[in-house]
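Per-chain residue numbering starts at 1, and chain names A, B, C and D are given in the order in which the chains are listed.
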Amino acid sequence: MSETSHLHDLLWQMLRIRRFEERSAQLYQEEKIRGFLHLYIGEEAVAVGVMGALEPEDAVVATYREHGHALARGVAPGSVMAEMYGKVEGCSRGRGGSMHLFDADNRFYGGNAIVGGGLPLAVGLALADHLSGRRRVTAVFFGEGAVAEGEFHESMNLAALWDLPVLFCCENNLYAMGTAIERSESQTHLTLKAASFEIPAWEVDGMDVVAVEEAAVKAVESVRSGGGPHFLEFRTYRFRAHSMFDPELYRSKEEVGEWMSRDPIELLRGRLSAEGLLSEDDWEAMEEKVGAEVDDAVEFAEEGSWEPVGDLSRFVYSEVGGQ
Amino acid sequence: MTLIAEKKTITYREAVREAMSDAMRNDERVFLMGEDVGRYGGCYAVSKGMLEEFGPDRVRDTPLSESAFVGAGIGAALGGMRPIVEVMTVNFSLLALDQIVNTAALYLHMSGGQFNVPVVIRMATGAGRQLAAQHSHSLEGWYAHVPGLKVVAPGTIEDARWMLATALDDPDPVIIFEHVGLYNMEGELPENGAPVDLAKAKLRQSGTDVSLITYGGSLPKVMAAADELTQEGISADVLDLRVLRPLDIPAIIDTVTTTHRLVVIDEGWKTGGLSAEIAARVAEDAIWELDAPIRRVCSAEVPVPYARHMEQAALPQVADIVATARALVGR
Amino acid sequence: MTPQQARQIIFDVLTDIAPEVDRNTVDDNRDLTEQLDLDSMDYLTWMIGIAEQTGIDIPQRDVSEFLTIATAVTYLVEHHG
Amino acid sequence: MIDFVVPSLGADMDRATLVGWLVEPGDVVKKGQIIAEVETEKGVIEVECWHDGVVEELVVEPGPEKLPVGALLARIRPLEGAPTPEPEAQPPTQALKAPPLRPTAREVAPAPPIRQLAHRLGVDLTRLERTGPGGVITRDDVLRGASALAGQGSPAGIVPARGRKKASPRARWLASQLGVDLDSTSASGPEDMVVAKDIEAAPATTLEPEDKVAAMRRAIARSMSHSKREIPHYYLATHIDLDKSLSWLEAVNAERSISRRILPAALLLKATALALREVPELNGHWIDEEFHRSEAVHIGVAISIREGGLVAPAIHNADQLELGEMMELLRDLVTRARSWRLRSSEMSDPTITVTNLGDRGVETAFPVIIPPQVAMVGLGKVVDAIVPVKGSPVAHPVIHVTLAGDHRVTDGHRGGLLLSTLEGLLQEPESL
């Protein structure tokens, strides 16, 4: 793939997450989607950049704001949308909803709605690889809010102590729901926390997908080659509210406006246009392709079916054998 | 001397160790992880000597990070291993409650059947060793509350030896509760044991006058009580639950249908406890079989105290069980 | 034993078995089992009761003597020692 | 001004007639005061006024006119200074409302009959202990209050209700099955509780004979309706030559005193019990859509009761009894059945029942199976019939035997086997 087409690919990936989520917000207001819906809009560069650095055999553990991660990892948009509709064709059979997207084929381990809860899990997945002598990487995403959890510290320590192949991806969007990082952390330079565990750590511009990808490639290579866990702090921003029912009393419109001027999609699009690598026609074609994909996803979800209530108690315990 | 089955004398502790060593010899995916399981040999010396045989990768000491290492066990299980995670006592497991309840128990269901979690978590439970309140509680019932977990409580040496194999074979998370009072229990272990079915309670003694339902650390007390009752001419049916989730309801109903009188003996507290669950199930499914009120012999509703006489006063005792059963039978 | 005594015993035992029997309306010469809806067990019980009260065993061959009140009275009077 | 209207006293009440006023215009009325009586479908009910005030106007005269709920009956002027209550405003939004609080104990009005009783006995309702659900005053509370008033015992003609006797659930279940009156049984269980043992030891019923007969009729109705509704019966009939059996029995009885004499019924029961060993599918119970075979043979014997009705208590382990024992038990059973002295254990567990209607002149009986049993044997009258013996016609005593079988459990073929086995056994009476 040429450099240009790779950049087009990154742009397309971010755009489809954006349009997918915009449609999701609309469907939420139409009551097609219920429960909590946390939008990733503004942060797309992080998931897209990191996923590009991973191999299919690697594992991903994500948070409850994970539509972008699932899509970037390769989970079919239709099955994600169907999941949010609660249809049995959804990637978790409608058992999980927006916050619990799972996909075994893509080694996508959720969809974890306990802040910090995915971190020990990632350490364990990496431990399994370590004990089995497999050169695989486990990437775990979490927000800066998780840094306040004990599980963050325990897991960072354990991964470093045992030299495990974990890539810690901290998406620092400055707010844990409504609590600004200054109001929850005595040390706001998160890489310093990682350093205290002797874990290599970088701060990365999370609005620049190219920078994200570069940093991720470098870190994943090091992790895969036995360099132990790495920590990346992506400075990013969520453009939308925490969830659908949030009047955003905790941040100013000016602040949001400032960050939106660095929209990761617009940044890359502007750069490509300026360099003559993306024509209006290219962009429109991309929009059209993404629009069609989102339409298809919605249609797939609409046409999906409800799981029979008789299946309610299935999957509390395994049905036959194991993995 | 008969030669039907070879027997050897062994402690409960050794039986657990033998079970773990056996599993690790037979399956490379099995490893043991927990606080002081390696060099120290285990807080209750259960894993003593295993580090030497299996090395530090497979007998893995962890920092005091219950949430991280229990979660790591869950992750490793998701990653294809068969971890045995030892948590020192059930009281400490509360630091890992998030991982056990929010992750291990939920992943299979939440992922629509994609991710089962074949982890085994062992922990010591119970009182009687003057370890005071923060090391002595019986919280089995809390875990048994949660769908997605399997909860077992070996109350005999044979079960200690043979439940682990089934637990490791199980595709889903299994929590094994080992009562601290049982570790030193000595007894004969038939050589030709076999893995224990994790769905079935076991009748330890057949009787007709009163049912004594119990599990784990209370089982020896209940057997002693049943002996005393026998001498008084009262015949007790003793049901060892063994599996606290899923409960073997048919076995519970069977014994009540046989004797029409029920005493539940549980070292946990009464309020909202396992004993309450059993009583409720019997009331739901077999109330017309009852020829007397259901009685429970449980721990006093206090934190377990340190001083020996106070600790013993807080716990179910053989005399309490005998007196309760006797009164039910109307003598 | 007088016929009156025999009659007394016969009816005492009978009303134990069939309390609703009114001795004034019973026909002395009609088949008792038909008249009073006695089954074979009632009938046997009645004879056993009479035997116990009077000390007279009633052998199998004499059962037919008890088909009516009249014959029964005669039998008891004759066989009482 | 406050409107005093026809109140809704129940969900199913929609109108009433005014029976009378207890006040006149100008009277001062207090909140809670009864000021009118209305007649409803359920009888005369006193109506309270819910406000303090002065009766301004009685709008309706007592009379037969049916007034709908809500109709204006009177106007009451509030006392000076007291605010006129506004009609309650509707809540402005559709926000989730907390459920209304239940009235507290003090606010629950006793039911009208209770008030009437209190009035009759001169008991002050406000001073009574309230033991009913939700703190309501019960009849017992009033009676206790009346006793206290009298200073001794109960008021004449009124007996306080007895407290509910403690009984275990199993005892209650057994008692209901067996028609035992819990109040008259002993209580040997813990805490003076009636337990199963007490019920089993109790006479099957301690009700008055009329009640007993009625209760028995109802039980038979239930059981037989159930049987005819649920059990697909099949019927088989045959006649069995009793010549050998009866001759043998006569010889046996000739040696016996009257009190030890054996009736043919005992012989037939014994033979039936033995035959069941050959066809165990007829011996047991159909429970929860499944046949539960019984190892033991407990033969129920249908016994008619002189006052009317029928019981079918069991002779336990009938296949293992000596003929003499069988006769003794049978006689005892019949005697006790007819004097209402059966034990509940005898009532609860027959595995098959035999009915003998021969004494009543019936030639062939077609019995209805008693659930949950799965078969019933009917014995008819012994009649003389011409049977071929060595090619010559000879008159022999013959009995008609019928089998009713539950087709869910057995088919005619197995049923037939029982009858033929029975016939075979009766040809060798000495083996019984």
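Some notes on this structure:
The rule is short, and it goes like this: contacts are C-beta pairs under 8 Å (C-beta built on N, C-alpha and C of every residue); 3 or more make two chains touch, one makes a residue touch a chain.
Predicted, not measured: the structure shown is a model, and the values here were computed from it.
The count of contacting C-beta pairs peaks for the chain pair A-B.
Taking the mean of each chain's C-alpha atoms, the chain whose centre lies closest to the overall C-alpha mean is B.
Averaged C-alpha coordinates put the centre of chain B at 74 Å from the centre of chain C. Annotation: 46 Å between the Cα-based centres of chain B and chain D.
Distance from the chain C centre to the chain D centre is 38 Å, each centre being the mean of its Cα atoms. Chain A and chain D have Cα centroids separated by 68 Å.
Multi-chain contact residues of chain D, defined as those touching 2 or more other chains: none present. Chain contact topology: the protein chains form an open path, each linked only to its neighbours in the line.
Contact annotation for chain pairs lists A-B, B-D, C-D, with touch applied as defined.
Considering their complex, residues 31, 57-58, 62-63, 65, 67-81, 83, 98-99, 102-103, 107-116, 118, 147-148, 150, 170-172 of chain B touch chain A. Those residues of chain A that touch chain B in the shared complex are 59, 90-96, 100, 102-104, 109-112, 114, 117, 119-129, 131-132, 138, 150-151, 154-155, 157-158, 161, 314-319, 321-323. Looking at the complex, you find that chain B touches chain D at residues 260, 287-293, 327-330. Against chain C, the residues of chain D that register as touching in their complex are 250, 253-254, 256-259, 261, 263-265, 304, 306, 330-331, 334-335, 338, 359-360.
On chain D, the positions that touch chain B within their shared complex are 168-173, 188-191, 193, 195-197.
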